[in-house]
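Multiple structures follow.
What follows is a pair of complexes built around chain A, which joins chain B in one and chain C in the other.
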Partner chain A sequence: MTTRAPAPSKEAQPDAPERDGLPRWVPVLAILVGWIALWALLRGQDTLALAGRERTDVMRWLGDFRDGVIASRSTNPVVAFTNGVGEVIRSVFGWLQELVSVPAFPRPVPQVGWLGVTALAAWVGLAVAGVRMALLVAATFVSFGVLGFWEEGIDLLLVTGLSVGVVVLLGLPLAVAMGTSPRARAVITPVLDAMQTMPTFVYLLPIVLFFGIGVSGAVVCTLIYALPPLIRIGGHGIRSVSPTAIEATDSTGQTRWQRLVKVQLPMARKTLVVGLNQSTMAALSMAIIASYVDGPGLGEPVLSALIRNDVGSSLVPGLLIVLTAIMLDRTTTAASQRAESAARGVGLRGRQRQVVLAVTGVVALVCVYLSRTYFSLAQFPDTGWGPRLSEALGSLTDAVVGFLSAPAEVFKNAVSYGLLNPLQNLLADSPWWLAAGAITLIALALGGVRAVVSTVLCLAGILFFGLWNDTMLTLTMVLVATLLVMAIAVVVGVWMARRPRVDLLLRPLLDAGQTIPAFCYLIPVLALFDPTRFTAIFAAVVYAAPPAIKLVADGVKAVPETTLEASRSTGTNAWQEITQVQLPIARGSLVLAANQGLLYVLAMIVIGGLVGAGALGYDVVLGFARSEEWGLGAAAGITIVLLGIMLDRIAQAAAARQGVSKRQSLLARARGGTRRAA
Partner chain B sequence: MRTTPNRAGRIAALVACTALALSACGSGGGDIDAQTAENEENAASGDCGELNMAVNPWVGYEADAYVVGTVAESLGCKVNYKDLKEDVSWQGFGTGEVDVVIEDWGHPDLEKKFFAEEGDGSGMDLGPTGNTGIIGWYVPPWLAEEHPDILDYENLNEYASEFATSESGGKGQFLGADPSYVQFDEAIVSNLDLDFKVVFSGSEAASIEAFRKAEENKEWLIGYFYEPQWLFAEVPLEKVALPPYEDGCQDDPAEVACDYPETELKKIASTSWVDEGGPAVDLVKNFQWTNDDQNQVAEYIAGEGMDPKAAAEKWIEENQDKVDAWMG
Partner chain C sequence: MTATTTTETTGPARTGAGLEVRNLWKIFGPAADRIIGTPDAELSRADLKARTGSVVGVKDVSFDVAPGEVFVVMGLSGSGKSTLVRCLTRLIEPTAGTVRIGDQDVTGCSESQLRELRRTQVSMVFQHFGLLPHKQVIDNVAYGLEVRGMGKKERRAKAGEIVDLVGLSGYEQNYPDQLSGGMQQRVGLARALAGDPQMLLFDEPFSALDPLIRRDMQNEVIRLHHEVGKTMVFITHDLAEALKLGDRIMILRDGEVVQVGTPDEVVGAPADDYVADFTSEVPRSHVLTLKWVMRDPRPDDDLDGTAMSQDTIVRKAAQAVLASDKPVRVMDGDRLVGVVDDEEILRVVVAEESPA
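Entry: the complex of A and B
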């Protein structure tokens, strides 16, 4: 989603990229040639492929661990504690639900009906973000009702809100620690790295084991996923408070606590709100995935439509999810801007504002009263619009699929036979030691010694968990998908940067592509491409391309106009301008986009297990689905995390050599690649 | 400086709110208080309590769950439907999150963990649903018509190359199923020396879409499927004969070379819930119907796009005699 908050004002100019004689692709190419030569000789040996039902000791041990946890449910204090936490979450949520979304027995309707809830929400929107946002909030709430998803829509907001509440409670102290103590930062950063690299599906399993199914598991998963952005961005904000301000106030003899509360936190307020915005968006997307463990909300109707292969019915709640995301994003952004302008004394002030809020507050309370009294204001009347819309969307999708199916087949086969199969042969048919050696050398060539250390550690871990061959299959898909993402990002990104109107047109679509749950488009994609690896790759590209496109577009746009004019005066044509001026100068953004794209692709790869892609994604899905395969699923989950950390470290090290500052990439990552820093 | 638009917006909001309120007063709506009183009365008379019904992810299951759930509601129970995979549902027996798994396709592994004989005793068998599960290898109807001999596994190798895809590495592709289902296809393929590679569809949705598309475009496809399943109403898949099932031929998963057995589907419930007793327990114990009954409701849901609840209500209305028999 777009984040409007301006980036921190001062940004160190990236160092000029180092240039040491040979371009870096030369050694990489040499390694590849050597690898292929050895592969031709040794292919098929020591590939460590597991036969159908073969399981290693590590997997059996993981499975036994799970059985132990279940068996000790009544005696183990840790499990008793987590179950207790789950119980608390369930009862708080149940109370909230009866308040606003489900009938509060013996009443046939919730305590506060739809009109009251909508009015109150709009009033809050008015108070924190202004009239336009209040209208957006009201429109979103009403559309829940009109399309027949009132309960699910409100439940989704409750889960998101509950999780974000806990995120603030846990995250703020950690952000302060990150911002004030370098030692704390050194400890917390790697943990955040792991949390953000871990595909969301992976921790559903253990969380459910400890906290139970339903809303308790959903809230815990959601808050784990939503914590890192607030800690990272918030810590960054506190750290960047200008030292002169701190020195000036320190001279008055303030304590550390006073410094924190009176200087650092207020001055970092705007960055903290940006962090909150990102945490909220992350919470929303995880709350959808949590419907896999019976988490309440709009994810549920999407999932049950998937079970019936009913595209139309999954698109309607899918669109409501996009609308919810837009509402949350725009209101939190507007709230931060408003805080800023209020501080500068713009807009309504003091008394006038109080009067307006009091009057509208009374109106909202009247609406609450009415919604407690009249049935049609408590329970949204059935409009029948939802089913009609889903029918229309269903037939539209059918028409598009029918139209595209022939070219889609050609494209799929071209990519599968031309790129996917050869690369997979090389990675998965090489002896494990050859592939591992070659990957390490490539890491060295791209990222230097720093990248090699983490690469070797991660490869050793992958080997230990016994899914080497599946990891190579997954790596193949990740690489091919990232390649496609980058190709699309460069073409569309440059187009958007050069044509503002295209930018204006595409951005909302990109936002939608990022927020709409993958379950919605799995069926049409399946109809186009069958259950294949390519289907998984395609789904990953849909998910990963938007942030990459935005990064490239913003990077190209940032090329100074004076530079362009200078090159135009020498008579370059458009093609030369793009390839010789814009892209080279925006190189930092390209590297960032590739890094982001890689992580986003990896996050989707588990979904691939649901559509015939096999490999690690399938192992996770299998472990999730069948009790006796839990150990396999857990091992695959850990392996995905290791693979992600390895790829991320190589990309980061390569980016650092390319002159992308750490802070740039950190911000870009924390914001989901929404806007280039600086 | 922004006073004017703000005020205008507020006035607009005020007007909208008042208009809504007035329109509501005009139309009246129902009376909440009256219904509250009625609900209280009902709650006092019937003592059924809650029924936490797991809903596993296939439409046939949904049919069972919502028919039983709707009948239970008519007995005054509060029914909570929980969308869960099988494995996670069984874990819920011990914590009280799940009371009933209404259609179980046989999970010896889970029975070992949760039944009283070997496990913690949190779950128990409540008898058959009356449905018979048939698992096997299926081909789309057009293929069975044009090449009838394909319905015998011994002829499969002749056609293997026709089934090749970009995923199957030169061999024929066999489409494996949703990971949560019981399946031995890799072993069967290798033990019968078939020139096929198992490619897992990964979900029921993916398998259904593949079979639908294969029938529509006359593509070659063979894969794992099962009855009862609503897709048969739309695409009547044909079953390929494997060496017949004999007792014990699937005991060692690596050595399987025979067809799947017919499975008697059964109801599993939380022991503590059954011990509490009540009309819902008796209802679940008595519930039994046929494959045709289930396919009918599943067809309402998946074929006609009805809401599961509405589909269940429709079937109950049409089959009141069967429902009455469950009330004993």
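Entry: the complex of A and C
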């Protein structure tokens, strides 16, 4: 019998803003109107645009810092250490290359020729993932050779593999720490958050400074980028192991080590492999982007073709990247499913399986021997198929582009004149203090005081690094692309949620879309729109739409059936049902989708700096390309991080006001790249 | 409320270790170790939560379990019974008090002594089974032996015997998710038995099962207790189960002991309204013995009718009493302690038909 009064219901809280009587968009609209009015009076003043080669003191200071680091190679222990690590990576990679991809002096060919490498890889595929995956692996390797990109293809796999190897060595213990110790989790989680908010591109400059250009920088960037998924998903898996099983086995008197290796790791095995799959895909994606800093692999021919605006020659390597991605994704996924069924003795029984593996293993070794003996089995013969395919794809692309160019032009102009130009004028032509003030007020309206603090800090940082005007240009593109992403996500997401058949049809496509490395999206879009701002925006939309669509679809689908029935019983039509019931109830998912969309879009817009998007992304590329512009590149990189943090914080605070907890949004982020994980 | 354990003459071989619990406390929350001994400790659970933010799970509990006894702890959910049983092997660390199993002071054990105790002395069966989905039935059963470091062949042979004992022969190679709930709990039971422990702890082992399966499993426990002896501490929220299995029953409320006694004592002389309410739905004729229903002989009673022991259960005595025209004499050994007539029997039986 408690005598306490019942606690006040907390259900009213998520609706708090509505209680003020004003919907959220009213103050935002008011701010915009005021901003436009002031802009009309003050446009063009204090925009802080840098003239062509003008550099600020901060950039010069950053440049000096770089020179200092390079000069201190032999004196500063930290720099000496990182350089040493870079040296180790280079020599390991060089050794691997001579083993499988480049001529091993004095031989005119690698130690193991293409036939041997393909046979060994297929055998590994057979052992971990079954016959079908072995065939897929063999087909991928052979197509590297047939299309004339053997060395690049294998190098890409080497960089990815080397990084994933280190990721497992570093990530598994950290995942265990995350999964078993709340204290470790409290320390690691914010670090992972920060790592995953940062656009990939930004890692490159500082890493290359400390670890060197080329493969060493590429491997370090790749492993840093690929580390969080394994730690996060693996830690989650270990933490989710049934507490009853742990308690029951504890009661038998097991040691902590026995608990880990006999209970926690085996029970989390499936999730751990999902984490490994995510890390592998992230590694592949980053290994390609690392071609900006001379990382070896298939990214190189794509990048150099994109720089020359030569879509034709980027198509074949681009296609091979997609093939590689599919191969890695399928094999690791199949491996996780197989691990389960093999342990249960489904399929070939232990004995039979050993015989099959032994026999095929001998065949693979014979192939290795043959490839060391016969030149044509070592060096892939020049088939001439690569250029021919390239030509065919080129003309196909031309035909498609010719067919699509008219509607594409209309779409481009509509977005450019209707959305992009006005917004860009407003953001970039306003005096900086007006834009900063307006952004802060909007942050206040959307996210409350919490959002304002980080917004002000980030804006101050952006101002300090001297690229205000470029930031506003990038921000324009990010906002427009996010708007488009959300429009698509709501329409397609609601459609998927209301029509199970559509969901069944689209979901595999969305999953596939998320498997393909970001970089590849630039190729077809570039063919369609030429190097313009719009190319990056469109590529960003294509890149960010799949996860956003899935979040919206899942959110709308989670609306309880009883609620829908109740509303139908009052005679609502489909439109009313969507706008009055489904979307309002799923608004938490909408906010999450917008948050995810923003980060994906930002990452892609920055990469698109190369193909006409200009602004901050281009500044970073310039920093890679010319050592005297390193300061500019670094300033742009830091500015991108600040912009990302600002957008993320505003979105998070807005989400929190909608009753979406931080935990949910973090979970969504952890799953952001996750396909099939659920 | 001290109860003398009435050892049945036809009982199983009484083996196993005894258990001795003295002043055991478990308090969850920030101020856990600063409450005992202060006036706060006397507060009710709700008041303490409001004052200190701490929750009392187990409050100053003391009891003894004799070797070979089946001791049932019962209470509603939240009464602290699951916490109590976990404190016995320190799966939950008690805040204060002592636990002795056999001649070992559990609360004073080092971590490695505790592991040894769990490996060889005490096993536990859990409500949600806690089986390892990645291991076959045989290896789940053998897990405790594996943890001890026993070789694979030896432990599988040992586990095989236990699998037969609990009636799972033929399912050794299956995985837990291929078995029904009742069979999974048999695996849990086998795992607990495999280490040949001195004492078995059951934490609501059958609550998650269907009523029919539950009855089977209860009979299984009774059978195993006859076959292997062992001291058992059995947690349940089901009074019928408690009455069926328990030599003695301890009733907990809000972490405190309300009553300890044999089944007929709990039903016949409930310590307070809480226990009385609890036991009101029980078929009393199945539990009470003549001792609880007899009256003093009146001068006009004809005392040369049949004699029965005072420990005879009413249901079993009913037919004989109703058939005889004279009152039945109730004996404690050779001493006449009272008589029962039709009226006394009917009072118990009819009361069940129309509960007040």
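The criterion applied here is as follows: the second predicted complex is superposed on the first by the 424 of 678 C-alpha atoms of A that agree within 3 Å, B and C clash if a C-alpha of one lies under 4 Å from a C-alpha of the other, contacts with A are read in each partner's own complex, and residues count from 1 in each chain.
Everything that follows uses one rule, which is that a residue touches a chain if its C-beta (ideal position, glycine included) is under 8 Å from a C-beta of that chain, and two chains touch if they have at least 3 such contacts.
All values derive from a computational prediction rather than experimental measurement.
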item: Partner chain(s) touched by A:562 [first = chain B, second = chain C, both, neither]; value: neither
item: Partner chain in contact with A:267 - chain B first, chain C second, else both or neither; value: second
item: Contacts of A:377 with chain B and chain C, given as first, second, both or neither; value: first
item: Contacts of A:245 with chain B and chain C, given as first, second, both or neither; value: second
item: In the superposition, chain B vs chain C on chain A residues touched; value: B
item: Which of chain B and chain C A:570 touches, first, second, both or neither; value: neither
item: Partner chain(s) touched by A:258 [first = chain B, second = chain C, both, neither]; value: second
item: Chain A-facing residues of chain B, complex; value: 1-3, 5-7, 9-10, 13-14, 17-18, 20-21, 24-25, 27-32, 35-37, 39-40, 43, 57-59, 62, 78, 82-88, 90-92, 94-95, 97-98, 107, 109-110, 113, 120, 165-167, 175, 178-180, 186-187, 190, 199-210, 212-213, 253-254, 301-302, 305
item: Chain A-facing residues of chain C, complex; value: 46, 50, 86, 89, 91, 114-120, 122-124, 126-134, 143-144, 146-148, 175, 188, 191, 195, 201
item: Contact set on chain A toward chain C in their complex; value: 2, 4, 242, 244-255, 258, 262-263, 266-267, 269, 343-344
item: Sites on chain A touched by chain B in the complex; value: 52-53, 67, 70-71, 73, 83, 105-109, 115, 119, 122, 126, 130-132, 134-135, 138, 208-209, 212-214, 291-294, 300, 303-304, 306-310, 313, 346-348, 352, 356, 359-360, 363, 366-367, 370, 372-378, 387, 391, 412-413, 416-417, 420-421, 522-523, 526-527, 530-534, 608-614, 617-618, 621-622, 624-630
